[in-house]
Amino acid sequence: MNATLIERIVAVFQFEWRRALTWPRMTWMATLAFFPPALLLLMRWTAGSFEIPWQGAAIAIFALAPSIACIMAVFLWATPSISSELEGRSWVYLAVRPDGPVAVLLGKYLAAVTWALPVGLIASTLSTLVLVREQVLRMLVVQNSLAILSCIAYAAVFLLIGVIVPKRAMVVGIIYGILFEAAASTIPAAINLITIQHRLRCLLVRGLGFDESMAEDNVVFQAYFGQGSLLWHTGILLAMTLAFLVIAVAILRWREFTTASETDT
Amino acid sequence: MLLSLEQVTRLYGIVIGVNDVTLTLPEGAHGILGPNGAGKSTLLNLITGQLRPSKGKLTVLGHSPRDPALLRRLGYLPGSEGMYADVSAIEWVTYLTQLQGFRASDARQRACRAMERVQLADVQDRKISTFSRGMRQRTRLAQAIAHEPELLILDEAFSGLDPIARHTMTTLLQQWIAEGRSLLIASHVLHEIESLTRSFLLISGGRLLASGSTEEISRLLTSVPATVELTLNEPRKLAAQLVASGLIDSVRVEADRLHATTGSGRELAQFLAEQSVNGALEIFEVRSSDDSLQDVFHSLMKLHRGIA
Amino acid sequence: MPIHSTGYRPWKETRVAPWRRWLAITTTGVQRAWKSLWLKRLLLAALFPLVFFSIPIFFFEQSGRDPQSWTMFERAMRGMTRGTPMASILDGVPSDPTPEQFQTVRHSVWSFLLLTMLRNTQAFLMVILVGIVAPPLISQDLRTRAYLIYFSRPIDRWEYILGKFGVVAFFLLLISTGPALLLYLVGLLLSPSLSVFWMTWDLPLRILVASACLIIPTTLGALAISSMTLESRYAAFSWFAIWLMGHVAYSSLTAIPTFQAQSRREVYQPGWELLTSPYQILGAVQSYVFGFQQSNQWVWPAILLLLAITVGSLILLFRRVAAPMRA
């Protein structure tokens, strides 16, 4: 008996990956991956002679690929991590293993991220190729980097939501996404500093070298630019991710889940 | 020392799951017997660390229940099924053995040995969804023993099994005990546990009513007034004889039935046998309150509350 | 009599009529869902828009005898009517309308406020509520094999489906039809005289039709999704994903034409783009029911699409509900 915690996490990750190789799951992932480029292609076709400005294209690609596609992909995976085991009454088998709950949580987190990454990368790459004509390589690098960070960070926050409220994880996750990430992140105040969306937007404008004068008269754009460098925002995002994971693990160690726990959703 | 509980209580809000239980158990095989809702599963959840006691202290094999060092030495077969229907049996058992702390190849070997032991080696690659109830139960046992724990805890291990599957399960567990390992088995069916161990804990209403061997519990019960029901040809005549003999505490006659309570069960049985042999009475049916487990608990609860 | 010779004794009392059997499924489903605290909070939240929309109705009705109320009414409506046909209707009314002008716009104002409440606030709550109630309704029965218990009773598939439909429809009635009818009633009570009813008597009927357009396809669609999987969380995800992706598709496709129209100081009227979003499809049909969007050529495709969703969901439901028993 000599497997470390990391090896056990890897065992969970491999097991969950194998279980997830089903047609319905892969169909959903493909839908999420090709939805953004398909939509952008349609947008270009309906735009006719209208030239989509480069910065506008960047925002459209960011909104669809690293944001919507990645968020939905990790949401499907990460949010029901605990509730699926409780609902299926399989949690007890995992909980009586030494550090079983922690290994399961982090293994599922890894599985969620690695399943969502291809979705985000395909969506970002194809969307860029569809919509962008100049500085394509720069756009590809930035959008794909944002897709990676988005998957990593959002998987952590949805995992945490799933640990805190396993019974209503999906609904709370939706409300979090709409009220907090979509709405609060556009408010140019302290509240947006604690959203993942704000950090990603700041990385977008800094990474692509947006003209900061856009924010001078536009309150919404002020929220996009914020303060701090690329390294600063990336560091904050990774620190937030780590914090979410640590809190999730701590709650899991402290909470009691019994075979009587069952979700309705 | 296998298990030590000191005034352990577990509350679910205002509902008492386990109520002020104090006991110590040496290593070996023990049965936890109790009717449905007695608190057996709560007790097992406390022992396996799924729940924390609201009050009191407990140790298992010298460790706190949530200690990873304990979980390495413990195997658990819970009351609920909860298996992944879309994976094969060997894959599931291997996965759980890996979670136990074994590397992949080692875990696979152990899982295969466990599947052989539960006589499922030839079907181990089939999906669990294709298994019968008995096969699923044996697969669940395999995951509990694959890592060769020192203590095996089973919650309603025989639930839903047909007689052949029960026999197979009993044989497996008897082999387990013969290897010198410890076993804690919870059930509401007396004869399931009797075939495995002579040491019992009787639980009802969250309380530990009695513990010990069957002989010790029988001796305890003989001091508790038992109710006897007789169907016979002349109940009134017998009632008069019983009152005169002083063997009963109370008697009631209804049609052809006689109900009596007695604290001298053995002597009463002897008296009735003599009367029947002499031809003085025709007794068609005798029922004792000890015939059903529920009545045993009922008697013990009376004793516990000081009513008997 | 010995117990072994008693035998089976059939029920001699009166049974309920067969056509009422589905109600047992509905009432049980409603009782189960009702235990959710979140659901109760949602139902309470569904009443708040009632207060909000009562205010412009009150000011409108008062402006018939108090010109200052018209100013308050215009202020209350300003944000709501921007970019809608209602804006041009109100633009044609002076700040001190004559009784005839007032009567002319009354029906439109009431229709618009009822439609806005149904379309905006109640539609959002509807998505959340159906996402809470519908996903486990059939998926849990499939996962736990409860369908074996259902169909060992003398009920047909249509009764089962109708019973499940009733659960979702009940709550949707509580958050959409109920508040809308209440708003109409409140409007009547806040009017100078109840004779306003004779000018707006058709609105409750339009509310019922608009509610039916909302409830029937969305409920059947949600139940069809629930029947496709054994895991209710995937059904919930699919439900929310369809609405979100539809909204994103519509917003993206109309972004450029809207921008172009704004630079010409015009309002862009979406065409085929509204067919990409379930919310816009429902909105177009409901607008048509309330007398708006009469000239929009894409309303009838939206109606056909709703019909297709209804029929398709029903077919899928019938097949999926019988599938475990065919296996």
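Each chain carries a letter (A, B and C) given by its place in the written order, and its residues are counted from 1.
Quick note on the criterion: contacts are C-beta pairs under 8 Å (C-beta built on N, C-alpha and C of every residue); 3 or more make two chains touch, one makes a residue touch a chain.
Only a predicted model underlies this, so the values are computations on that prediction, with no experimental measurement involved.
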(message) On the document's contact criterion, could you list the chains that touch chain A and likewise touch chain B?
(response) none
(message) As a test of understanding: of all chains, whose mean C-alpha position lies farthest from that of chain C?
(response) B
(message) Nearest whole angstrom, what separates the Cα centre of chain A from the Cα centre of chain B?
(response) 49
(request) Report, in whole Å, the distance between the mean C-alpha point of chain B and the mean C-alpha point of chain C. (result) 54
(request) Quick one: report the Å distance separating chain A from chain C, using the average Cα coordinate of each chain. (result) 31
(request) Hunt down the residues of chain B that sit against at least two other chains at once, touch-wise. (result) none
(request) Would you pull the chain B residues touching chain A in the complex into a rising list? (result) 41, 45, 48-52, 68-69, 71-72, 74, 76, 78-84, 86-87, 91, 95-96, 98-104, 107, 143, 147
(message) Which stretch or stretches of chain C touch chain A in the complex?
(response) 36, 38, 128, 131-132, 135-136, 140, 229, 231-234, 236-238, 240-241, 244-245, 248-249, 252-253, 255-257, 260, 273
(request) Spell out the residues on chain A that touch chain C in their complex, using ranges where they run on. (result) 24, 28, 35, 39-40, 42-43, 46-47, 50, 52, 60, 63-64, 68, 72, 75-76, 79-80, 83-84, 87, 168-171, 174-175, 264-265
(request) Would you mind writing out the residues of chain A in touch with chain B in their complex? (result) 1-3, 7-8, 11-12, 15, 18-19, 22, 88-100, 103-104, 256-259
